[in-house]
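Each of the next two complexes has subunit A plus one other chain: subunit B in the first, subunit C in the second.
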Partner chain A sequence: MNSFISKLALVYCLSQMSFGYAEESLTAQQIINKSNLASYYAGNDGRAQARMVIVDGKGQKQIRQFTILRKDIEDLGDQQMMVFFSRPTDVKGTVFRVNKKINSDDERWLYLPALDLVKRISAGDKRTSFVGSNFYYEDVSGRNPQEDNLTLLTSNEDNKHYLLKGQPKSPESVEFSYYQAKIDKKTFMPVNVVYFDQTGSKLREMKVLKMKNVQGHPTVVHSRIHQFSDNSYTDLQFRGVAYDVGLPSTVFTERSLRTVPKKWLK
Partner chain B sequence: MNAVKYTLLLILITYTLVTVSQELADDWPVADEQWQEDWETDDSPWSLAGYTEVSFGSFLQSNIVQSELSLSEIRLRLDAGYSHDYFEFSAIGDLLFDDIDSGFEWQTRELNVALSPLNNVDLKIGRQLITWGTGDYIFLNDLFPKSWVSFFSGRDDEFLKLASDSARATWYLKDITIDLAYTPNFVPDDYLTGKRFSFFSEKYNAQIAPDNNFFKTTTNNETYSLRVTSSYQGVEYAIYGYKGYWNSPLGFNEQGQAYFPTLHSYGASIRSSIGSGLINAEFSVYNSIEDISGDQLNIANDQIRLLIGYEQELIKNITGGFQFYVEQTLDYQEYIQNSFNPDLVVDEYRQMFTFRLTHLSMQQKLKTSLFTFISPSDNDGYLKASMNYRYNDSWSIASGTNWFFGDKAHTFWSQHKDNSNVWIRAKFNF
Partner chain C sequence: MSYSKILQYALDKPKTIYLALLLLVIATLSLFPLLQIDTDPENMLSREAPARVFHNQTKSKFTMHDMVVIGAVSNESVFTQARLSDINKVSNFVLSLDGVIKQDLLALNVVDNIKQERNEQDENLGIRFEYLMKQSPHSEEEAKAVKHAVKRLPMLDNTLVSGDDKAVAIYVPIKSKDLSYSIAEQVREFTNNLDSTLQFYITGLPVAEDQFGYEMFVQMGVAAPLAGVAIFLLLWYFFRNFPLIFAPMIVAMATVVITMGSLIGMGFTVHIMSSMIAIFLMPIAVVDSVHILSEFSEHYKKGDDVKATLKKVMSHLYTPMLYTSVTSAVGFYSLMLTPIPPVKVFGAFIGSGILLAFVLTIIFIPAYVSRLSEQTLERLHLAVSRLERKSALSKTLLVLGGFAQNKAKLILMSFIAVFVFSIEGINRIEINDNPTNWFKTDHEIRVADKTLNAHFAGTYDAWLVLDTSLNKEEINATQLTELLAPLVTASVVNKNLAQELTLASKGKQLFSEQLLVQLDDLSFDADEKYQTQISKIIALVDYELTKQKTFMQPDMLNWIAKLQSELINTGLVGKVNSLADIVRTVNRELFSGNEEDFVIPASASGVAQTLLQYQSSHRPKDLWHFVTKDYTSSLLWLQMTSGDNQHTTQVVQWVENYVAANPAPIDINVNWAGKSYLNIVWQDAMVSGMLDSLLSSFAIVFLMMVLLFRSVKYGVLAMLPLTFTITMIYGLIGWLGKSYDMPIAVLSALTLGLSIDFAIHFLQRTRELEIKLGSLLIALQAMFNEPSRAISRNAIVIAIGFTPLLLSPLVPYVTVGAFLASIMAISALVTLILLPACLTLLNGNSLRRKL
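What follows is the complex of A and B.
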């Protein structure tokens, strides 16, 4: 199934290359696949230093700083990820390891240096906060496009973006009723995603604030998620982004929890 | 008053350290106007961090110990490190003013060097913490030292584990990983002595709280711990071995002095996801070498320990866990015949259930945790409840209770009924 999707995506990439714009013929599902590919699967692997500023409704700030390593098993398929926390000081040395699985629950581990404890974590709700921020696990690792029914809306704003509407196939599993994603027609990067409740009020909004071209891959280097219910938001910023670093699969093992692979963190 | 003097001193030291640690930190400015700027990487190989924490705890009823407080201390944690391409140096210690036990003292928690001498070998030498096994607050094959005093008094979970001066080598072979830890001088648990908590003495058939650490013969010999792990399709397998001593003085020598009898153990564990949950199972066999036949009056018998656990997210932000543990005393007839008092013996199959509920709320700033041990064979239990509120990256406050219950004076948890306490801690991270 996954290889079928990736082949499909490849076919479309090729068709675009040979015939130029083929936007008319793209379905919503194809657009979201391309978008997922561009957002979460750029290169065969990737490395980035990340920082979050979490601002609550009262304006109080918290910081999270970490380095992410990622390796794709297959495009639009399974992935391995390591997140090394360096800030704040009480989480310094904490490492989060994820084997992202498309067809089953993710495998997750957490290393707590103060106890030298490798804690395996049960697969949790993916729409819960990632390290206390407004980003959900799913915002960081990507929402499986198969989980939504997608329709292509005609955008009357401009001709540069697709406007997609996604409705969850199992509405009880998520907090929103539907979302609208604005996706750049050239890069297939989502630049704005708004989640609505049943009454059509905004629940939360993801905005891309800054993009950069890194090794030919359009890359979000600054984005913000705003939560309307309590007016809190989180800024996520990346630096030192690199693709096709050549990360060996041995980096994505238990060894890296205790012995940080410094060489690959730059 | 000494406490006030020490508090002022610690505040002054903390202030100085905050300043230094901020100088060393790779600064990524928070201010909005600098947010858009490109960042400079100023990676100093040195790091310095730490915290100051004030903790108080009080017994919930009268106890025969000297102090009415179960916890009264100020701690300054210093965590210094040096990162080199080929090694990692770590020094962690606490400047502690403990009003109940030791007074003013320095405790070195970690002082070690970690390096990879070969491509597939990691070495860590020096004072360090080592943890393994699959249990949640229950340890079978992890015979590294623990502090039950910290666990019962409401200190942070990290203090449950004690450090030892050890050399740990880890070999990463193709499909298996081998860990070997060598500790030249055996480090016992920080077991209850009577300084802070009272406990039941089988010998005197009464609750006691000796003023000084009750006299015991120390053991300075070496211990070896081995673990071999492998994982296949998300299932983690491990086998374990240990050659050392019982972690608490479970023997009395001919002079009537408590000591740590020899213990050899082996075991295995498995851990895997199952559906949306996690399942774990572990067993261990304890060979009490000095009492193989179980007829030594003053030495613990052999045991077989078994644990089965399951954990899953029940609803969004609430995780539930469940464990069943059984501890079989071998040569039970000999044990009964040779006990101080046959009315006070432990069941042949001592059983225990544990239940955990963890709730994260307020954008994960508030963590509420409920952990309960219940033993149907001893008819007693221990409730460990806590709330931890993280006000911001610097300040946090926590409070909770350690509540023991049971109907007999001597059983494992019930003997601590008078030790039941509530506690509160405030912490400043830098």
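What follows is the complex of A and C.
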């Protein structure tokens, strides 16, 4: 459910239109689908400037700044993504290119300007750190809902949120034992996700700190992932969020790695 | 108040004395539960010692932890499905333990592999970050693949898996050093119940220290009472009278309890040194009582007034007892001149304990004896007379006496020869210590240490820390000030931020990402009209921030790589892990995966981008063990196969020379941290400190002797036996090749304090006899009767009192026990031979002159 965590959050109007449903009639799978849609598929495409502040247990800070471009092939389906780094200055020009596939492994490439190197990143574990932050790659690109068994927890006290429990279908592929996601009943945005280990202690927690309505889409503009083992956290903030900017497919190609499509970055 | 009044009071009100002593003992005994054991060699340095402060800064700066090392060793390759699966079980068990810093555990199943992924057609599918061995291998091929992967990762090869493939290590970082023993015990229990072909060993300095603390505690509980029993038996042998010998035992016990109770109550921890206080005080505390009892039994005859006899005895013994106690105390107090806190505490409390024992002896013993029954006193007299009869000891002493007087010149010449020989031995002394060697060679800690260091690059750590020198020159300070001024006036930039920026621009502190974050926030919130200025400041800070990243510079990293390989070539260091390894490994995998790409990228940005990839792993924070987040400091982790100080010193000197001959391309400061390094720092402090302490106590004791005897000649004579004994003991240590470690260093002060006693008693009695008998030569002959027996008896009491230390499983105790026993024997013997020989010669000369 890291997917929820993701800040790419571009919410789709569907959530608004779906008011008519009786809440109780939704299954866990339906909720997660709506949530995924709201979090990762808002609009047909989207653009955002992101700033990560990585704060270690001692309070020391590091920053990562990048622009994300996203284009949906199909709602809840495949997507194309580009991540252009601008800071720290010495990694400026570094680009990630991702073809997110629902039914197979994602395709990932990397461009390192200082080494003039385009390198394919082998499909592997998606739960590795995203450029040294507390976010995982999967938190940014979205975790496939098919990978977990989901249950709707009835013990939810407040009636504004759904509480879902997700258990990985292949536990050896992840570091957590299960997670609990709190999803807003109105917007279907996950506002809090906690990952637990086998003993039931918290490993990490994603919290939404600030939401904003952008072009009618509820959008997370500030979220935080906290790592309990060493008390470190990473803040992810978005600026300049825009949906349906009309990004052409040509932006999401290898060509853009070396030649940055400046026009579409701002 | 004079002593005679105190004595009178003690004789009049013995019950008050008993009660006071009892209350004091109960009060101090009640403090015992507050006892805190401290086995951390770090505490050999005071908290403010620069080396220690730097060490702790380094630990926090690079998140380095104290580590327990678990080794799994096999006779064959460990890369089999079964063995790797066993190792996984152990590693997972360790991860389940409290007190383990899980995210920094180093084990095969939690570390990452970085590699080139190829399909069956050998097409390159790209770079891949994955766990090296998250699950136990499912086949023998998978087990072999793990081996292949490890060999390609310089950070892991020979650290996690031994070069001969026969051993695997798990490095367990722990939250606190004092958890290491219990963690080690839990792991031992787990591995003992594991049906495996692997042998498991546990080592690491924290384990050694914590285990030492545990055994020290046991040791104190066993050795101190044993010493008590030994002394008790010896006293019984001398006096054959239980009611009587209870008296010195009570003095000894009370001294130990009050001293230790005060030490604990005053909040001092019990360190390896202070744990020996009890065993030191016990025999010393008994000695004065032995003098009183011997002397009393000599003078007391049936029907005498006990109190009158006691007064006579006490007036006679008071001065020599005072002097011997004060000189012994001075010997120990001199340890307070060393810069080593545990040694200071040890010296202070033993010194005070000796004075306390003196006070207790002169008050309690007369009070006690005065209340003994007639029969008991009678039996005492019989026992002493029995001792006075011709025993082996008295015969030997008579022979010795004759020899000393007849062969005076020969003796003196032999002593000079031995002295010269000893000086040469002292020159050969090797200063060396290693806490692991505090255990005997067959102790499981030593066995583990030896086994694991035979397989791996080394379980002893030293950290070489490279810091960027703060640039003193101003950086665009004027420009920055100009940009800032209007923003500060308009309150767009707050004063704090402005000040930080100004300081950094003046080279007074480093730029930090924190500043950039703040400026960035500012640009987000600030009015449009300030944006240009803010972005100019951001650009400026960003530029400086990038520029100050010393350890992203290819030149610097290449310099480190060279230093690293040169260090390995010296053969002194098993392995060096550094930032250069990380960068080169990732660079290799980003390109071909072949050896030719195991290089540092050509530009700083190249390095930055390589490291950004490294951080896209499961353990991005591993990077921060080797470089700080601002890239201004870097750490090289040196693994060494021994923790001997000499070994570390050689490495430190080599690096110093190397850096002087091959300066780094950027101005940096080179410093050391790590336990092995701290050990050499306090050892150096100890050697010079001990010399100061020895020389000053020597001077004080000499002055006291001159004062006591009112004669420079006798003052010099009194110093001779101990000078000789100390020289000979240390000469012996040099010739035997025994390392000069902490317990050995402390011995010098002890020798001085204890062996002067014999000389005082000998000279004092000789002078009394000379006056009484009218001739020095006749007096010397008489000396070899009762007075020499008293001296020998005391030497035996102290020597025997220390022998329970020999039974200890811990080497420092054995060392101290063995050397103190020999020191007592040697200094008593030297006193009995050298002094009469010198006195005879001096007397002969003066006789001849008179003729």
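The criterion applied here is as follows: the second predicted complex is superposed on the first by the 244 of 266 C-alpha atoms of A that agree within 3 Å, B and C clash if a C-alpha of one lies under 4 Å from a C-alpha of the other, contacts with A are read in each partner's own complex, and residues count from 1 in each chain.
As a working rule, a contact is a pair of C-beta atoms (placed from the backbone, for glycine too) under 8 Å apart; a residue touches a chain by one contact, two chains touch by 3 or more.
Because the structure is a prediction, the values reported are computed rather than measured.
Peer 1: Subunit A superposed: clash or fit between subunit B and subunit C?
Peer 2: These partners clash in the superposed model.
Peer 1: Which holds for A:Ser229: it touches subunit B only (first), subunit C only (second), both, or neither?
Peer 2: Once the two structures are laid over each other on A, A:Ser229 reaches subunit C alone.
Peer 1: Which holds for A:Lys262: it touches subunit B only (first), subunit C only (second), both, or neither?
Peer 2: Touch status of A:Lys262: first partner only.
Peer 1: With the two complexes superposed on chain A, say which partner A:Tyr40 touches: subunit B (first), subunit C (second), both, or neither.
Peer 2: Once the two structures are laid over each other on A, A:Tyr40 reaches no partner at all.
Peer 1: Which partner chains sit in contact with A:Arg239 here, subunit B, subunit C, both or neither? Use first/second/both/neither.
Peer 2: both
Peer 1: One more residue to check, A:Glu172. First (subunit B), second (subunit C), both or neither?
Peer 2: second
Peer 1: Just checking: does A:Ala114 make contact with subunit B only, subunit C only, both, or neither of them? Give me first, second, both or neither.
Peer 2: Both: A:Ala114 reaches subunit B and subunit C.
Peer 1: Check whether A:Tyr162 is in contact with subunit B, with subunit C, with both or with neither, and answer first, second, both or neither.
Peer 2: In the superposition, A:Tyr162 contacts neither subunit B nor subunit C.
Peer 1: Taking the superposition as given, does A:Lys61 touch the first partner, subunit B, the second, subunit C, both, or neither?
Peer 2: both
Peer 1: Subunit C clashes with which stretch of subunit B: 26-34, 116-124 or 224-232?
Peer 2: With chain A aligned, subunit B clashes with subunit C through residues 26-34.
Peer 1: After overlaying the two complexes on chain A, where does the subunit B footprint on subunit A coincide with the subunit C footprint?
Peer 2: After superposing on chain A, subunit A residues 51, 53, 56, 60-63, 87-90, 92, 114-115, 117, 120-125, 127-129, 131-133, 232, 239 contact both subunit B and subunit C.
Peer 1: Along subunit A, where are the residues that touch subunit C in the complex?
Peer 2: 51, 53, 56, 58, 60-63, 85, 87-92, 94, 108, 110, 112-115, 117, 119-125, 127-133, 137, 172, 229-230, 232, 239
Peer 1: Which residues of subunit A touch subunit B once you look at their complex with the stated criterion?
Peer 2: For this pair, the touching residues of subunit A are 51, 53-54, 56, 60-63, 65, 86-90, 92, 99, 105, 107, 114-118, 120-125, 127-129, 131-134, 210, 222, 232, 235, 237, 239-240, 250, 253-255, 258-260, 262.
Peer 1: State the interface residues of subunit B toward subunit A in the complex, per the touch definition above.
Peer 2: 21, 25-26, 28, 30, 35-36, 38-39, 41, 47, 49-51, 79, 83, 85, 88, 114, 116, 122, 128-131, 157-158, 160-161, 170, 172, 177, 229, 231, 234, 236, 271, 273, 275-278, 311-313, 316-317, 319, 360, 363-365, 390, 392-394, 396, 429-430
Peer 1: Under the touch definition given earlier, write down the residues of subunit C that touch subunit A in their complex.
Peer 2: Per the stated touch rule, the residues are 60, 101-103, 112, 117, 124-131, 134-135, 512-514, 516-517, 520, 524, 542-543, 545-546, 549, 552, 587, 590-591, 601, 603-610, 612-613, 615-618, 620-621, 623-624, 629.
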